[in-house]
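In structure tokens below, several structures.
In the two complexes that follow, chain A is the common piece, with chain B as its partner first and chain C second.
Presenting the complex of A and B:
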């Protein structure tokens, strides 16, 4: 099981890119943390989500 | 009218409020503020008033009429670069704060060079895409820095929905994370100030070595 933004999800084995494609996130507005470390955007295609990973997708909104 | 107090008098007044030990940490701290709009201008003033000794101000833009509803500028400063106008205002409040300003647009290619000199960085942009760019860039290239970002403070929802969250060891996010200015809900001074105050307070807590939210 993988924890994504606090929720348990059964997505181990997918790459970060594959997971994101299945969601509504817009890649332009997000940062992805995996086990408290940033996932560089050029590694979304390569990094495979492992069982036990804790992932945070932060999606920024405008205003400041 | 009183004359402007000396540097020593101002430091003593801060020490009376904060205690000598904490004030010494504030005085020696350096913080970068990326974007000097509703978030950045309010963050800068809060940090300067608290006696943070060194503030790096970064923005490429000029003060416009549409900024005055929430940003810490005066009508007489319309057309000035925000870096120059905010420096002027900070020095009016605290004449001895060390302000270093860079009138430049922050991009992926200059982020590291611009921000390597300070331990704490505030993301205070307006545009969601630029927020994401800066956060990714800082966390990838400057992993030892503390980053305090703001997302979600538009509109008239309750001030109580704005929170500080520790996303990762060195990355804090302030805001409600949902209220998007592009939904046409506007930006109101008080709610933007709440978010800016969350960011400024987290910065002061980091300087005080209080890392939890």
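Presenting the complex of A and C:
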């Protein structure tokens, strides 16, 4: 199991790229963290999501 | 009058830092325009997928983005959020905001000092939001802060300059821009802070809760500009007692 944005998902074995495309994120507006480390955009194609990974996909929202 | 607001080596003409929380994306562009703002704050949150619009589509490209670390409860979380924000492609500015207390939303100065040091060493232009305490502010200066952002009163309260005396101490003693952040509810309060010598004002809730947001943005803009001019003009003295005639003291209709 993989935890993505707090939810359990069964997506181990996919690359970050494959996951983001499958879920329809707009790559222009997001950043990805895997196990508390930033994943640079040029590594989305290479990094394979492992069982037990904790992934956060974030973007900007309004704030003060 | 050439009166630039300089922060982290960047020059700005506006001294009004605009928040973007708690109002619709459609209002952002007019808020920026009517506020005359050149810096806007943003928060970082878990992303939605494409069907929801992104705030960056509504912010003109020449406006500097100032992401905050809201949601962070300690220095480590603030550093994570700041690095994610930088990865989102917003430049190097960050407003460090760390809260352990969810009732009053008061910032944790000790953790903020730690995060300021880590992020400044990592190349960020760090603007720590803090409870106005001179010792903590000095530690933030030593940690590499680019400005100090003391609160006027609790976030979102619109209560104004509850910490007035302590902000004045920071203005007098700290050799960095003091940006009054949080709690400023009305243009008159923003103007007063600027007259005291604050370098800039940050406001969000005052606009978001106003009946007419763009009109309130323009009222704040005018108040901040007026306060700045008054500060530069050096306000006149206050008599401790008595009066001082404004008219010529020669007699009229009598000897």
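Note that the second predicted complex is superposed on the first by the 60 of 64 C-alpha atoms of A that agree within 3 Å, B and C clash if a C-alpha of one lies under 4 Å from a C-alpha of the other, contacts with A are read in each partner's own complex, and residues count from 1 in each chain.
The working rule: a residue touches a chain if its C-beta (ideal position, glycine included) is under 8 Å from a C-beta of that chain, and two chains touch if they have at least 3 such contacts.
Computed from a predicted structure; not experimentally measured.
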* To do: Once the structures are superposed on A, label A:10 by its partner contacts, choosing first (chain B), second (chain C), both or neither.
  => neither
* Comparing chain C with chain B, which touches more residues belonging to chain A? -> C
* May I ask you to decide whether A:23 touches chain B, chain C, both, or neither, giving the answer as first, second, both or neither? => second
* Identify the partner contact of A:57: answer first if only chain B is touched, second if only chain C is, both if each is, neither if none is. => second
* Asked: Which residues of chain A are in contact with chain B in one complex and with chain C in the other?
  -> 28-31, 33, 36, 38, 40-41, 56, 58-64
* **Contacting residues of chain A [partner chain C, same complex]** => 5-6, 23-26, 28-33, 36, 38, 40-41, 56-64
* If you look only at chain C, which of its residues touch chain A in the complex? -> 19-23, 25, 28, 41-51, 54-56, 65, 67-68, 70, 80, 83-85, 87-88, 90, 155-156, 182, 202, 204-205
* Enumerate the contact residues on chain A facing chain B in the complex. => 28-31, 33, 36-38, 40-41, 56, 58-64
* To do: Using the touch rule from the top, collect the residues of chain B that touch chain A in their complex.
  => 35, 37-40, 124-129, 131-132, 135-136, 139-140, 143, 149-154, 167-169, 171, 173, 175, 177-182, 187, 192
